[in-house]
Amino acid sequence: MAKEIKTIGVLTSGGDAPGMNAAIRAVVRKSLANGIKVKGIMKGYNGLLNEEIVDMDARSVSDTIQRGGTVLYTARCAEFRTPEGQQKGAEICKKHGIDGLVVIGGDGSFAGAQKLAALGVSTIGVPGTIDLDIACTEYTIGFDTAVNTAMEAIDKVRDTSTSHERCSIIEVMGRDAGYIALWCGIANGAEDILLPEKYNHDEQVLINNIINNRKKGKKHHIVINAEGIGHSEAMARRIEAATGIETRATILGHMQRGGSPTCRDRVTASIMGAYAADLLAQGKSNRVVGYRNGSYVDFDIDEALAMQKGINDYEYSVSRVLAI
Amino acid sequence: MAKEIKTIGVLTSGGDAPGMNAAIRAVVRKSLANGIKVKGIMKGYNGLLNEEIVDMDARSVSDTIQRGGTVLYTARCAEFRTPEGQQKGAEICKKHGIDGLVVIGGDGSFAGAQKLAALGVSTIGVPGTIDLDIACTEYTIGFDTAVNTAMEAIDKVRDTSTSHERCSIIEVMGRDAGYIALWCGIANGAEDILLPEKYNHDEQVLINNIINNRKKGKKHHIVINAEGIGHSEAMARRIEAATGIETRATILGHMQRGGSPTCRDRVTASIMGAYAADLLAQGKSNRVVGYRNGSYVDFDIDEALAMQKGINDYEYSVSRVLAI
Amino acid sequence: MAKEIKTIGVLTSGGDAPGMNAAIRAVVRKSLANGIKVKGIMKGYNGLLNEEIVDMDARSVSDTIQRGGTVLYTARCAEFRTPEGQQKGAEICKKHGIDGLVVIGGDGSFAGAQKLAALGVSTIGVPGTIDLDIACTEYTIGFDTAVNTAMEAIDKVRDTSTSHERCSIIEVMGRDAGYIALWCGIANGAEDILLPEKYNHDEQVLINNIINNRKKGKKHHIVINAEGIGHSEAMARRIEAATGIETRATILGHMQRGGSPTCRDRVTASIMGAYAADLLAQGKSNRVVGYRNGSYVDFDIDEALAMQKGINDYEYSVSRVLAI
Amino acid sequence: MAKEIKTIGVLTSGGDAPGMNAAIRAVVRKSLANGIKVKGIMKGYNGLLNEEIVDMDARSVSDTIQRGGTVLYTARCAEFRTPEGQQKGAEICKKHGIDGLVVIGGDGSFAGAQKLAALGVSTIGVPGTIDLDIACTEYTIGFDTAVNTAMEAIDKVRDTSTSHERCSIIEVMGRDAGYIALWCGIANGAEDILLPEKYNHDEQVLINNIINNRKKGKKHHIVINAEGIGHSEAMARRIEAATGIETRATILGHMQRGGSPTCRDRVTASIMGAYAADLLAQGKSNRVVGYRNGSYVDFDIDEALAMQKGINDYEYSVSRVLAI
């Protein structure tokens, strides 16, 4: 029989992502509407273990939906990866009367939620990562803002790259996943896209493509390089040496994690946060919220963590055909 | 047996939408890669009837993916709604050697494509409208840019509305559909959202909500009003009279149709355009491209035009709960 | 001999302008650094008369430099235009130990500051208005953000206006001054600019220009109309009737007052606010801060209010020549 | 007696800057209005020596005012620094009937213009550089767009820096000049600003400041580092080692040169370009356009190149006081 939930906690964990505040706001306000009290846990599992826990009401999240970052802060926490840390976390939840917990983050954060669920704290994961690398859902909070930030920066680099007839290598985030790189590659009309899932490290193919494009009269050559491949500076030096074409690397870096969230991120985060609050109110535990087939759904965390996804072959092949 | 396609045309029709250029570019380049020639038809069906038809190559669409509007222009065309107009259109296609046609636009434009298909011109529809009101697809090109433009404008209105402790009514586009209004309503944390699909025209409820919010100490009150309801100026005057609170209307208007497309619009338009080109290359006709369940798919136009969709009740109810 | 200042107040008055928060922050922090206490007065002179006065420290203005609107709120105040209201205001300042006051606003707000100065409260005006209509200074806080907001919106309208080959009339703010209209007119390459300072209301000239442009093959015709002229909707209907060209009006409205301030507004507001704090610390009163000839300067309020400025004839004539 | 000018050339030289297209457009259209023909010279002095010269009319510059980069391309040219190269350039001008030349660029480009003037080609320089490092003018085309691009990126880095309680070092452009760094430092409320004109390379002061801020409870610490100081990555590693606080470097790079120009850049570039065209029409030569004291003015190139400017001490000191 489902446990009755009187008080929940909410935390953000792992790398921050734009829209996390919208998700927190939704968890708080929907839970209050469901008659459930809410506590905010600062700095992820770290703050849980340090008991950095504050009461939240509807006004605690006023004027936050449009803000980047996370008002609850975030951190990685080595201690919580140990059974002792997890046990301690569950006990602190009980001590503070926290019956349920919404964890906004990525796969690593959900693994922690899974452990707490096994220790009797009802947990729900909400997918918040700019990397889009959570297999159970078509969308993760933050991806849209990150790709738009990267795309706009690349549009600007392209302007100056064209003016100077340069080759530009632009490194985007995404850790081991190439989704940000693929989307920017398509959206910026990049001449080359290097994805961890696809790149065979044959740099001569890249060099030949650059030389051929210059022969065809193209004024710029944009290479989007994924973080999972990296080493953009050295790559730029090698390409310049091999092609004789001035080549510059730009590593977009942390700006991709910040900024006011886009409409898609605010809306998705709001619905996912509310949905998570409702799952707890219904007595559910060990679930991850997802978006699939036009609807919000939920999966068992164990099942979710076992799923796989990858780059869509048709989309990748289209990206290559359009960049002629 | 499928007709062999040697040359296709592409046109944009109805209201313009950001991303239409990305779709045109993809149709052109993917068709060329498929060994098919491409002609651009200017100003929608109007330009077809006037034979405003130009040859396109890969360079015709260079440097367009990031541009708003449509390089092929668009128009509405009364003559093409008549059987005589449609017959004339089919004959002009034949005269110019156009075996297939990609029509980028909304339901009205697809109805025209359906007629041409019946007259022997292979046609494929690509959903391009900021209104999101095409039932066979989860997404239509232009929606994301339009909602972000509207959301950013509303964020700005909210700043000044708060400073002056005003009530603001902001009218967004969407014709008879409330999708733009709902998304902005959620993303801007609007206190009230008036949707054609939901609003019962009981203005007293709205007035009471405004008065109650002020009593609770809220410094602003944002009402998102959908184009399908309209009359925002008169509404503002009535509300100011009834509440005594300074109330201003802003009609965002045509800016919502323009601007450089967002990443989602560029990517979706690119894949949809390529997909449409491939359908013609495969000898298909009378189909509409859609995005469903994480994949690009296609439907018979007759079937697609018969489908219905509406505002999701859960999302709407969440939007109301979060705006406390 | 200059009065020693121990505590100052700061208020924002009149229409809000982006950058006002940066100015407040600078007044607060520079005064604290000068060893002077600061109180915030809410809602302009209105809040002064209602004694809505709060203590401010360095943290009161944390995380505000990038925010639109004004954290002190603003209002117009009829009572403060009377000698009785002004006397009451001066007495409330004394009651709260406020020796000096920084007033961020426009000419109307400075007139109030002048009265308080005569009644023994040291006052300094800081030019904060999007309208740029303060004669003693080359720049007023908020103008840059407002013109960029308007310009970006007009760029978007232009995209769709071109796609549909429409004429668009876009009304921008500025009250009786045409600076926003002139800058947008130049920056957007508008075919016509209607300024209160220049327009002779001969609409036939405008109509002829629209017809001639269409004959020359121009795909759009953008008319920037200043708020001081107004009536854009009726103008659009008359133009459409006279030219036969589809014509639409957009009134940009209050969004021009909001939004995160641009770099110029944040920087100028920061220096002007600090400069005002320093003037008070030096025992000055009845002064207005200005920016002239590359430096920050100050003028006697009486002198400042008597100055005149207007549209630069060369800039206006260039705007007309470039729009061919 | 002033030489009569029938045909002029226009080129962009050195690093590109947003607004260069607006300046080119103004040179072209104002000259045409003055009855003078215009030729575009591609890729700076390089294209002059290679005779990459094209005729321009009013339509050549349509739809360019809002575009980043330069439609005439730009390059550096070693050959043109030699007397032989300069002689050859003057001869090519004569061969193509080019009586006058507008050079849009920085000090280095003006030095070339000076040489051509001595060889009988009337030349006018227009200050186009994001670095603001031209002493004769308060403003240079491109600075405003560049600082806004940098500021918006830094706002985003700050979001995530706060969420993770990190120290962030952000390197902005400006070559040997600290104007971009100073403006961003003020506009982003940076805790530290390192300017080539001010920084004494005592890193311990910086480290102490970071430690003290953390003790005071500040959640982030933003250091803006100017390109002229550089080495941000190594600095980050040293700071992390010395403070124990996670520290990340971001080098914003070439994106600062691109993007659609801001209103200020479009307006200033338009007036400066028109002003340069008028100077040539009046028979002037060897002049640089500037903006001073609210007006557009011009100086002898020799005089202009001899002027000095630097960081304003009051503005710098204010930037330090406000960052408490």
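Chains here go by letter, A, B, C and D, matching the order in which they are written, and residues are numbered from 1 within each.
Note that a residue touches a chain if its C-beta (ideal position, glycine included) is under 8 Å from a C-beta of that chain, and two chains touch if they have at least 3 such contacts.
Just so it is clear, the model here is predicted, and its values are computed rather than measured.
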item	value
If a chain touches chain A and chain B alike, it appears here	none
Farthest-lying chain, centroid of Cα atoms versus that of chain D	B
Centre-to-centre distance between chain C and chain A (centres being mean Cα positions), rounded to whole Å	40
Intercentroid distance (Cα basis), chain C paired with chain B, Å	36
Chain C-chain D separation of Cα centroids, rounded to whole Å	28
Two or more partner chains touched - positions in chain D	155
Chains that touch, pairwise	A-B, A-D, B-C, C-D
Residues of chain D defined as touching chain C within the complex	25-26, 29-30, 32-33, 58, 65-66, 138, 144, 147-148, 151, 155, 183-184, 186-189, 260, 262-264, 266-267, 270-271, 274-275, 292-296, 312, 314-315, 318-319, 321-322, 324
Chain B-touching residues of chain C, taken from the complex the two chains share	12, 16, 18, 43, 67-70, 73-75, 149, 152-165, 168, 219, 248, 250-251, 253-259
